[in-house]
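These notes open a run of structures that come right after.
There are two complexes below, and they share chain A, which is joined by chain B in the first and by chain C in the second.
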Partner chain A sequence: MFSYYLTLGVRSLRRNPVLTALMVLTLAIGVAASVSTLTILHMMSGDPIAHKSTRLFAPVLDNRPVNDHDAPGERMDNQLSYIDVGNLLKSGQGVRRTGMYGIALVLEPPEKSIAPFWTEGMAPTRDFFAMFDVPFLHGQAWSEADDTRGADVVVLSRKMAAKLYGDANPVGRQLRLLDAPFTVVGVIDTWTPQPRYYSLQSGNKFGVSEDLFIPFATAIRHETGHNGGMSCSTRTDGGFQGILRSECTWLQFWFETGSSADRAQLQTYLDNYAADQRKLGRLQRKAPNALFDVPEWLVHMKVVGKDNKLSAWLAFGFLALCLVNTIGLLLAKFSVRAAEVGIRRALGASRNDIFRQFLTESAVIGLAGGVLGLLLAFGALALLSMQSNAMAAVARMDLPMLAFTFALSVLAALLAGLLPTWRACQVTPAIQLKSQ
Partner chain B sequence: MEIRPILAALMRNKTGPILVALQVALSLAILANALHIVSERRAAAARPSGIADESAVFAISVNHLRSDGPQQELATRNREIATLRAVPGVVSAASVGQLPMSNSGWNTSVAVDRKQTRESAVASTYTAADSLVQTWGMTLAAGRDFAPGEFMDLTSDSRETPRAVLITRALASKMWPNQPAVGKTLYIGMGEEAMGIPVVGVLERLQDHNARIDERGDYSIIIPIREYGANGGATYTVRAAPGQRERVIRDAEEAVRKASPDAVILNTRTIDELRKSRYRADVALSWTLVVVSVLLLLITAGGIVGMASLWVNQRRKQIGVRRALGARKADIVRYFITENILITSAGVCGGVLLGIGLNQMLVTRLEMARLPLGYLLGGALVFWALGIAAAFGPAWRAAGISPALATRST
Partner chain C sequence: MLRMSNLSKVYRTHMIETHALRGFEIAVAAGEFVTVTGPSGSGKTSFLNIAGLLEEFSGGEYILDGVNVKGLDDAARSRLRNEKLGFIFQGFNLIPDLNLFDNVDVPLRYRGFNARERRERIEDALAKVGLASRMKHYPAELSGGQQQRVAIARALAGSPRLLLADEPTGNLDTQMARGVMELLEEINAAGTTILMVTHDPELAVRTHRNVHIIDGQVSDLVRRAPSLVDSAVTA
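Right, the complex of A and B next:
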């Protein structure tokens, strides 16, 4: 019977192409608006490292002076001072740990034909690559020894290596950074987790990735400035060394634990560390020391912007409007077929059969709306991604959202079809048969 | 015009009218909020930065690959600004630490008294070695610009207190309400180590480097110091003669490159680019909301037309009878238009309530601005007009129904 209803449905839709087109279009527009905004929201709030996200922790300490009042939302205390990062690195807590900060360097390519240019990079300790599952194309991360003494070594991104060396393996080659020769020890494969959860404070949260990595100790040794935010609550002694000695916060830190159950132990360590520092005269504010795993960190750093949420809400309001509109159109469509329904009922069709027939018709409209809605959604996402690099990284349809589009469209059509279908079933055969 | 018969007829068959009223309500709620947001964003993007004639101003950052020490760095910077000033078409040039609308810069806590425990405000801190008032064409609301002797070159570990500070009018009224700010002492930081700097002038307007939407977007100070010795890049802001900006940029870049013995990396940004980049997301959102609003109106209009046509078809016999009994065409049209106005009014009432409710959700959850009632009233008028326009076609067709229909039995 289902295929019969399907045929009936398609035939009836063809009978009045204008009305059908209007219904499909309305539904498609509503679905497209909702799906495109929801896709952006979905990509923005996705877990970028799902298999590990509850084992990676970012600590937050409050090292401001006691009498410092909060300037709400202003101080970037989501970063750490050099003193704390140094201590935490030496702590040996967790399976691995890494401290880092964003840097911007002028790169002098080995080929004199390419003029020197700016690059954006990261200066982490060597555990960074293992902790965040960074894939390597050539070579590997620098050694422990290089990490400790701050050797002049660099790991390039795939794009940067291609720009400088083409397809050749550049491991072992040299280039100039920070007015010194650096040796390339590795090239990472394409790696663009969205959002850039490990370093949300420096640079954009989406659509941007590092060109190169140098050891943390190397960047400090060369007195490289930070490419990100710094918050100082007291005056420093001046100069780079003054910043290192001060309570200015400008660095990021991550712990990796063996399992998510180790969190409590890590929290205890952090509290003990803060208590010890208090005896030395630091961390006087006695504020709670926080640990955030990756999902909590993304929420804490407000990765999903208010504008995106606004767009999603409005899109769903718009879908509701399209739904009500479709109900009206379906009502109009089904009500003129009272005679057809009357004859079917007189011939023995039960109310259920009529219900199923008209619901199938609604589902056909839903499917057609889904196809058109998907096309429109692709178009909308393409338009939105033209806005900026950050948008282009998230305005992308993936398989779950594709399936969701069809599901949403069919569900919306079925919902819209419920009332008109129920009305159609209420038709009394006798009255319809009586009219001449 | 009898309302009660129309109302009675509507009450008997409530589904259709409810659907139309619901569409009008939803559309009005969304439209009012969407257009309000569009107008807010546009207003934010149109705020002046304080720089006069932005299209003539640009900034050029110069980075040297090699450094020969702090004194050499200072000499190089002085040479570079002289080179820039010598480029034909350059009206004025200044060495500056940050730019408005650039999303890159420094904020500092400022206070009126050293003994304060809570800052008076947080201000965006511009440093300059030359007159920004001149290069950026800013207006002074009170006091004067820096005197040549007030500029200082400092290394980063210097403890010297700057000799003067310029503040914006908004900051002045925040820190010293109803008093002249010129002559007062502004403290950077608080406590023992705070630096007290005399205010010599008040700027009419200078946006902070983030171009924030809230009141802090207007709190800026300019300190006449230049930090050197860290081999960071230097940024120079240049005003070109009107209409010659592109050529001046090319000539300036070439001049700086030629004047430098070693390799330099240049990065030029125009103020127009900074503005566009700062407000790109807001403009995109505005356009999205405008498109959504247009679609809302089209869909609602379509819904009204569809419903009205359906009712006309369903009541053909009734209309025929009325015409046979003596109703004129105008009466029929008036009947349908009145019916439509009643339904739209119900929808508008619901829409106003829904709109306020939606706005309340936006204010509490997404920190958006409150909706002025004018938008809802304006929206109501739009939908009344839309409803009448949409219903007119079917109403006219209804009026064309022949009275002879009344005599037929079908």
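Right, the complex of A and C next:
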């Protein structure tokens, strides 16, 4: 019977075409508004590395002075000092660990036809690539020895490699960075985790990943300035070396553990480390030492802002308004069908049959609204993408959202159709048949 | 085929009670062609609606083809209506958006027949009423008489035991009315019981029996085929 109801539903689209078009358009606008805001929210709040997100931990230590205006643990500093990063790198904790910071530097291309240009990069230790599942197109990450001695090696993004070398494999080729020749050891494939969880402190929560990567020790050796925020509670003298000796926080750190159960062990280590440092005169505030796994980190760093959530609620409010309108239009559409209901009832349709038929018609309207709503949502997302790179990174519809759009549209139409359908079922056939 | 005993129907509003039928008694035997006459407001339509399970009655008993319909739920009444009854209305009551094939198809869909059986029944029913060649036409493309023939085909397609006709010739001119009446007589001759409400005394005299209703009660019963009536009373 469902195929019969579906056929009737499709045919009914042609009946009262103006009313049908209004309903489809009303639903489509409501669905498009809510789906486009929800798509952005969905992309923002997705788990960017789901299979190991509970095994990756960002540590937070409080190295501010005792007399700092914030109470211990009240407002956390989410970056670490060079002293702490150096110690944690040597700790041997977890199965992998990486310290890193963002850099901005001038790149001198091998081809003289391309003028030197500024580019943004990252200076992590080699574990970075394995920890965050960075895929390689050519070559590989630099070696541990490169890390130790601060070798002048570089890993390029696919986009940067294409810009400098075209389609050729550039591994082994040289380019100039920081006034020194650097050897290309690898090219990573397209890698755009959203949000950019591994380096949220840089301020770019969404968008493209870095153009190049050089070893952490290399960046330090070249005294490469950081590209991002720095927090210093005390006066710092002595240039770059002074910063390295200071309690200024400007670096990020991640641990990877073998299993999420190893968290307690890592926490114990961190607490013991803080206690040891306290004996050395550091970390005097005795603030709690925090570990955040990736999902916790995204919440802690407020990746999804209150305004995003508010937008989603407003969009759903708008969808509710559209639903109310659709209910009115469906009531009008179904009320002129009272005679047909009377005839069908006389010919053997039960109230249940009528209910199913009319609800299927509502679902067909919902499907049509879903198709149009999807087109409108694509248009809205394309417009939003033009705002910024960060918005372009999240204003993308994936398959689950595509399926959700249709589900939402059909569900909305079914909800809107409940009252009109129930009213249609209450038709007294005897009265309708006599009045014809 | 049909027996009503001490049947009553009361319409209630918060101010008024109207007794449409009271102490209503009737028995119709299988194969009978019975006309129901009476002045406007006498209760003819209420009787036909109750007989067709389109309305519930207030009291008494109604047995349809051996089934006591009192207390049946909507699904059971609908199934009974679909399997045992066929309707013909004064206003034809075809669904304007469906072509003739699909109009006749409606009761068969609820019956659950498969596609092949539905097609055979539809083609057969439309052929019986002389409209086999116009299956893809829409009701608006037909004359009143032809529309009523489609309604008859629709009523016949499910092989009902009882055909209920509510002034089936009321909207037709004399010639078309005669054609429809002849068709109903053919159907009855083939074994289908017919209960027909009419205002037309000429039609009433052509059937086996005429039941006259006044003030919700059977006031007169004119028998023209005693053998049939007797068998009805004992049914």
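List of remarks:
Heads up, the rule we're going with is that the second predicted complex is superposed on the first by the 425 of 436 C-alpha atoms of A that agree within 3 Å, B and C clash if a C-alpha of one lies under 4 Å from a C-alpha of the other, contacts with A are read in each partner's own complex, and residues count from 1 in each chain.
In this section, contacts are C-beta pairs under 8 Å (C-beta built on N, C-alpha and C of every residue); 3 or more make two chains touch, one makes a residue touch a chain.
All of these numbers come straight from a predicted model, not from anything done at the bench.
Applying the stated contact rule after C-alpha superposition, one finds that A:Pro110 touches neither chain B nor chain C. Looking at the shared chain after the overlay, A:Pro193 reaches neither chain B nor chain C. By the touch criterion defined above, A:Ser335 reaches chain B but does not reach chain C. Of the two partner chains, chain B is the only one that A:Leu384 touches; chain C does not reach it. Of the two partner chains placed by superposition, only chain C is touched by A:Ser350; chain B is not. In the superposed model, more residues of chain A are touched by B than by the other of chain B and chain C.
In the superposition on chain A, A:Gly46 makes contact with neither chain B nor chain C.
Legend: residue contacts after superposition of the two complexes on their common chain; A:Arg423 is shown touching chain B, with no touch to chain C. Applying the stated contact rule after C-alpha superposition, one finds that A:Gly225 touches chain B and leaves chain C untouched. When the two complexes are superposed on chain A, the residues of chain A that touch both chain B and chain C are 436. Per the touch definition, chain C reaches chain A in the complex via residues 45, 49, 52, 54-55, 74-75, 78-79, 81-83, 87, 89, 91-95, 97, 106-107, 109-111, 154, 158, 166. Residues 15-16, 19-20, 22-23, 26-27, 29-30, 33-34, 37, 63, 65-67, 107, 109, 117-119, 122, 155-159, 189, 191, 193, 229-230, 232, 263, 265, 267, 280-281, 284-285, 288-289, 292, 295-296, 299-300, 302-303, 306-307, 309-310, 313-314, 358, 361-362, 365-368, 409-410 of chain B are the ones that touch chain A when the two sit in their complex.
Chain A contributes residues 1, 4, 11-12, 15, 339-340, 342-353, 428-430, 433-434, 436 to its touches with chain C in the complex. By the touch criterion stated above, chain A contacts chain B in their complex at residues 22, 26, 29, 33, 67, 69, 71, 74, 106, 108, 115-118, 179, 223, 225, 234-235, 237-240, 242, 306-307, 309-311, 313-315, 317-318, 320-322, 324-325, 327-329, 331-332, 335-336, 384, 387-388, 391, 419, 423, 435-436.
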